Amino acid sequence: MNGFEAPTIEYGQLAPLLLVFGAACIGVLVEAFAPRYLRKSIQVPLSLLSLIGAFALVIVQVARGGVPTTASAMGAVAVDGPSLFIWGVILVLSLGAVLMVNDDGHFVASAAAVPGSADEEEAETSGGAHTEVYPLVLFAVGGMLLFAASHDLLVMFVALEVMSLPLYLLCGLARRRRLLSQEASLKYFLLGAFSSAFFLYGMAMIYGYAGTVSLPGISQAMSTGSLMDPLLLLGFSLLGVGLLFKIGAAPFHAWKPDVYQGAPTPITALMASGTLVAAMGAVLRVFWVALGNLDWDWRPVMWVVAALTMIVGAILAITQTDIKRMLAYSSIAHAGFLLIGVMATFEAAEKNAASLSAILFYLLVYGFTTVGAFAVVTMVRDPGGEAGHLSRWAGLGKRSPLLAGVFAFFLLAFAGIPLTSGFFGKYAVFAAAVSSGTQTGDSMGAWMTGLVVVGVIASAIAAFFYVRVIVLMFFSEPAADGPTVVAPSMGTAVVIGVALLVTVGVGLFPQPALDIANQAASGLFIR
Amino acid sequence: MSPWLPILMAVPVLGAVVVALLPKGSDKLAKQVTLLVSLVVMVLTLVMAVQFSPRGDRFQFVAEYNWIPSFGVKFGVGVDGVALVLIALSVVLVPIVVLASWNDADGVKTADGTVIAPKRSVKTYFSLLLVLETMMIGVFAATDIFLFYIFFEAMLIPMYFMIGSYGGAQRSYAAVKFLLYSLFGGLLMLVAVIGLYFAAGKGTFMFPELVGAIQDPATQKWLFAGFFIAFAIKAPLVPVHTWLPDAAAQAPAGAAVLLVGVLDKVGTFGMLRFCLELFPEAAKAFTMPIVVLAVISIIYGAIVAIGQTDMKRLIAYTSISHFGFIVMGVFAMSQVAQSGAALYMVNHGFATGALFLVAGFLISRRGSPYIADYGGVQKVAPVLAGFFLVAGLAGLSLPGLSSFVSEFMVMVGTYSSQAFGSGGLAVAAIVSAVAVILAAVYILWMVQRALNGPTAESVKGFKDLNVREVVVLAPLVALIIGFGFFPKPLLDVITPSVQHTLTNVDVKNPAIAEKGAGE
Amino acid sequence: MILLATEPTLADFGKDPLWITIVKALMLFVFLMLGILFGVWYERKLISKLQNRIGPNRAGKFGLLQSVADGLKMGLKEDLFPNTVDKALYLMAPVIMVIPAFLAFSITPFAGMVNLFGVQTPLQLVDLPVAVLFMLAMGAISVYGVVLAGWSSRSPYALLGGLRSAAQVVSYEIAMGLSFVGVFLFAGTLSTSEIVKAQATGGEFWGIPMPSWYVVLLLPSFLIFVICGFGEAARIPFDLPEGEGELVGGFQTEYSSSLKFALIMMGEYLHTFTASAMAITLFLGGWQAPFGLPDEGWWGLLWFFIKFVLVFSFVVWVRASLPRVRYDQLMSLGWKVLIPLNLAWIMLVASVRAIMYVREGPTSGFEGSMAVVLTITAIVVLGALGIWARFDTVNQRRKEAEKAKIAAEFEELDREPTAGGFPVPPLDLPHYHGVQHKEVPSGTN
Amino acid sequence: MTTQYLILSGLIFAIGALGVLIRRNAIVVFMCVELMLNACNLAFVTFARQNGNLEGQIIAFFVMVVAAAEVVVGLAIIVTIFRTRRSASVDDANLLKY
Amino acid sequence: MPILVLAILAGGFAIFSVAVAPFTGPKRWNRAKLDAYECGIEPTPQPVGGGRFPLKYMITAMLFIVFDIEIIFLYPWAVSFAPLKGADGQVIASGLGVFALVEMVLFIVTVLVAYAYVWRRKGLDWD
């Protein structure tokens, strides 16, 4: 026993994180002490301001040139270039999600009330609402931020849970279709917990192998130890299962459609954008920082996973009849495209920066488009809630050309049609993959190109179902009792507007966004 | 840095924005604005074309701006002879199409009140048309391959909406088929584009710099395949042609003209410029199978056309046959054949355009695309029938009409091609000549069934062409006849450009280069 | 070291030969069994003295053998298996209750180093670096017994009793756990023997010689612990799980007789003992004697025993004096009073500790500046004051509410003068008219 | 010595995973997940012993915390859905499918 | 190990007691005697597999877990808070110092946030 070293914590670097968590805590206190009628009017500005503030802090940190080169908080958190970029993206996206949450009518008045019971009716008529949603969202966002920046597996695990637990709850709070929502919540929870158990066991194995859970520590242990240690391989596969689950990669994607469909749409938007971004950040970090030495072992597996993810996502999406389910499968397919990028990150540093930058860029554009698309989904409503079934969307182009046009544009961006941001995202990732393939000169080159071809085929398949929706909206006759398009609230309008702006703007002039991504990636992950 | 091309591209897009932003109910104004814009573009293009000097640099009116430095992408435009004539073709067709589809979006009704197409948004249609014009100019003008690709893909979207929203009964099926085919090809091309970029390792997509950059034959072949499949889909070559008859048949006449007349040319244009020049070795290696495919296209298209009962589908299949000729010409690797192919692209645009339009006018009177529903139109509407006949004859390449020159050049060039030793492709040329006969069969049969013979009951009430329709068709017919007798201005512009191509193809094989240039 | 030291360290444990271990375990077991037998007698006797009656006096001299007789009687009673019970769990529950209760004692230090059959060994079965945690864990496990007993009985009373008991125990366990934190802050260890050792140095307090027991230093902690001890052991005033007034026998309703019931009884007694032993160990200096009296070797056991009897007497005294509280009062005391008070107190202690160390200077190995510590102390004090103020206002409000209620009552009385100053039940209830009353002489029924 | 613990932990983990896959009652499924987490804890502590550092034990603490939080959230969800449907069977939750 | 010895002793005793009980006592069968005791009234039928109990208990259990976890963190903190000194006053291990104090204040404040929420939302009130 030679005592403890008193840890140091760089509060400045962690400020955005702390701000979000702090605001979440304050939100809880507001719930506790503010009178009911005041809560919403306190919570909304609080959430928005904290997110904006955190974003500003990120900007300030970057602007001062203060991107740290060593991990903060005793090596627990790495606030490096990619982290800051991902933070910025998550914060902006979650800002959008909060604006959508702010809309009335998405959340149940009293979650504990049995659907269809007198309790519920009473809660509805008394105009009750769960303003707890806001702190929960903030906690989830905080978890996302930490998840993407965690520099050791323990912090990553904790962040994973901090991110997931509020989301489990939020999923179950949809006001309409309560049963679906609760079911989504249950499924998400059980599967999520299951996967985090895998993550944890993998972590245990790796700890057994390396004697540490810090990512660089693992890398170091691998550089000296045997790479064929069963502990390492087993641990790594289990860890991978946990992580891939979160991004919804192919064999572990089953939760996504269910959860996306059942959850309240603003939450779906948050999950589809923020969670994916954060989880990708974590995946990248684990694969690049910790497992960089194990290239050859994980590569083929990842190849299969990536290919499977793209194909499964694209093909199953075709059979969907619900718009949110379809977007969920689309999100799976996009996760696959992102994995192509992950595959490309194994080269020497500057090469890696290129791949990394491609992924970051993809995350940025995909996130915005997704939030925008879900925001549109919230606006098309039936008497019973959102018009989920695709047949209800028929002829929307006639009823509301503007909205349908915007949505079509988002779909085209998902499909990766040129002059939308989605195209450049896809291009960036494909280019990174091909480049990593052409340069190595080994057989991996052909594999990577092959993967890109698979990606292209998947894109073509995916384009089919995006186009199908467009066909429905524009080329079909509207049903007589079609859904109504509600006038968007200020927040939703802003979300859609910004998403559209980014999708168009990046589609025409991607350079500024690319510059930022490049700059963020140039520092690479702290190793 | 010449501002010509950027201006040409900017004008229609601005026009499209203006049209789209017009207040509700100003449909007429929208049409007028569109017409005006397209005419302005046409005039500007012609003014620019006059300044083009065939003996000058290969690419003229060059403009380059940095666009996405991270990807090495530039906004690079410039035209050589082939591109120039194709741009000219596009900008000439657009005002004609505008006029031709003046009433299409208003909902097409036949004389007896059958609704063929319900009323749709006029403004959207015309702004899409203008956007499409920009992209057509852009795709031919792009010297940056990435930019080319972007236009190549983006072009699909306005066309997709034009077919899907304004087309016939099966429109959404046709539109989706069209989009997916093209998109798939495009994505393969994207892979090839990316591969090209990294394999060349020059950090740029500029076409002139990439010529000769790829030396490794295997790489060339892969990349060639990527490009070629995309172009083959675009310029429908058997066996990836099946989208065209559907799309052309379902599209409104105006859109069909642009689709077949211009959009598909991008495919053959791309083969000529990119496939050949960037990957000469691969091109040579693949010449034989491609020429075989082209011949199959020629014959197959013609035979199937004979069996068609739907006028628009028939025209579409004739186009497949014609595209076969063009592809054959491109890959015959001789200057005559390639010049002919390039010329054919233009002439086919005019001829098929005229045919589609006149067929469209006919159909709009009866509401049925089926040949069997017509008969004896000649007596009721002689002017219409006259135009129909001329257009049809242009389609079968009657001497004296423009297509003849180009078809002849292609066949002669192919016959005398040195690509596989002297007369190596002669068989192809001879076989393809059969198609000339078949062409006579399908066109004349259609003309005979639709125009001649006893006047069908349903045709009796037909009005002859009105002024607008005459104004639409007259210039086309004039051009068809004019270039039929005097193709020199076009050839003057095209030939030097084709020579460049051949030079680039044969960089590593000077013997053939000399022969090619000497022909 | 081992020969000289009277105060065992952690290193001294786990070195005993097996037979010594067995001997010690046996001694502990016997001690506890006897403790239970005489504890029951002692409790009944003491209560009866306090209540001015005689108490057990038939079996043996002064009724000393009363509990032996009770035990025998239970062994000879019919072993009931109610129809509906879940047999396996029903049988297991008492066993689960008893075993941990015994085990909790294994970490209690009874004395320092003694000579046991020629072997130098600490008079404590075992010590662990996490001994106190072990004790808490054992306490928690016995909750399983309670819940299972209630659950397996398949009777509403038992189920509710079990749940109540579980809720109560876990609630008080938190406050109890928190009350230990102060001790650990000073002792810097979780090992019981070390904690006892840390209370060894005799000190003085404002000139008065005092044992440096934590009860002096950490009086609030101790008080909270005592309260929690009652809650944990389910003794009056917190014996709600068995509150016969409302729940018949609580979780043990269906364990009406026989040895299973005896086991449950034993378990509960042992809990009380454990709580007493913990109080002695953690706060009252363990086996050490006050005022420098001899406590080496076997002397320690004497001191321990004296303290033990005193503490147990206190428990009995409380039982004799206080009524049972209501369940909601019980819970809100645990959750709303003890926990916040405890947290505030802990932070206060920590702040003071920090001040002490920082003042000692760098040799203490304690980093940080005085200013920071003082600031935090200020914050903590403010927070503590806030919590105190909170309770103050709550009390205030409660008193005011009481006053208002009384005033309202009087007002109502004024409005209904016929009531004559007392609430009168309405007259039309059925038993006020037409119901035959039958005299029931006592003892007939 | 530690190998046995590892095997035990692996077994527990496998039992938990199997339970999640084949059991139908949400609460049982959930308990199986908790079992898996505890297997992880066991592995961590074992490895901490093996590696001779304390990290694993600290991690075990954190895992406990997380497991507790998970219990809180999970039971809340299960209870809600149970109240709605009077059934905690995972098979009954079948509204979400295509 | 010594714990095991004691556990065997205690366990042996307990199991023995339970096991021996049926043999020592008399057997007099009586239907009413074997019913669940409900003060003499007909026993309420209890569902097979256990009854349902008020949600209140679950909430208490949840809260317990939360606070128990807090204690988990408090103990190591308390133990390592102070410098450990040897018999001669020499520092064997340095304490965590002011840092620990700051962090613990933050931690407790965070817990108190949740605590305040539960309290205000009547989570601590028993009926």
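By letter and in written order, the chains are A, B, C, D and E; residue numbering begins at 1 in each of them.
Just so it is clear, contacts are C-beta pairs under 8 Å (C-beta built on N, C-alpha and C of every residue); 3 or more make two chains touch, one makes a residue touch a chain.
Keep in mind it's a predicted model, so treat the numbers as computed, not measured.
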If you walk from chain to touching chain, how few steps can bring you from subunit B to subunit D?
2
Tell me the chain pair with the top count of C-beta pairs in contact.
C-E
Averaging each chain's Cα atoms, the one nearest the global Cα mean turns out to be A
Let me check something: if the centre of a chain is the mean of its CA atoms, which chain is farthest from subunit E?
B
Greatest Cα-centroid separation from subunit D: which chain?
B
Gap in Å, rounded to a whole number, between the CA centres of subunit B and subunit A
43
How many angstrom lie between the centres of subunit C and subunit D, each centre taken as the mean Cα position?
33
Note: subunit C sits from subunit A at a C-alpha centroid distance in Å of 51
Whole-angstrom distance, CA centroid of subunit D to CA centroid of subunit E, is 20
Hunt down the residues of subunit C that sit against at least two other chains at once, touch-wise.
365, 367-368
Where in subunit E do residues touch at least two different other chains?
68, 80, 83-84, 93-95, 97-99, 119
Per-residue multi-chain contacts in subunit A, two or more chains
3, 6
Interfacial residue positions of subunit D with respect to subunit A in the complex
6, 9, 13, 16-17, 20, 26, 29-30, 33, 36-37, 39-40, 43-44, 46-47, 50-51, 53, 55-56, 58-59, 62-63, 65-66, 69-70, 73-74, 76-78, 80-81, 83-85, 90, 93, 95-98
State the interface residues of subunit E toward subunit D in the complex, per the touch definition above.
55, 58, 62, 65-66, 68-69, 72-73, 76
Which bits of subunit D are touching subunit E when the two form their complex?
61, 64-65, 68-69, 71-72, 75-76, 79
Touching residues of subunit A toward subunit D in the complex: what are they?
111-112, 114-115, 154, 157-158, 161, 165, 168-169, 172, 178-180, 182-187, 189-190, 193-194, 196-198, 200-201, 203-205, 207-208, 211-213, 257-258, 261-262, 319-322, 325
Where on subunit A does subunit B make contact in their complex?
357, 397, 401, 412, 415-419, 423-424, 427-428, 430-431, 434-435, 438-439, 449, 452-453, 456-457, 459-460, 463-464, 467-468, 470-471, 474-476, 509-511, 514-515, 518
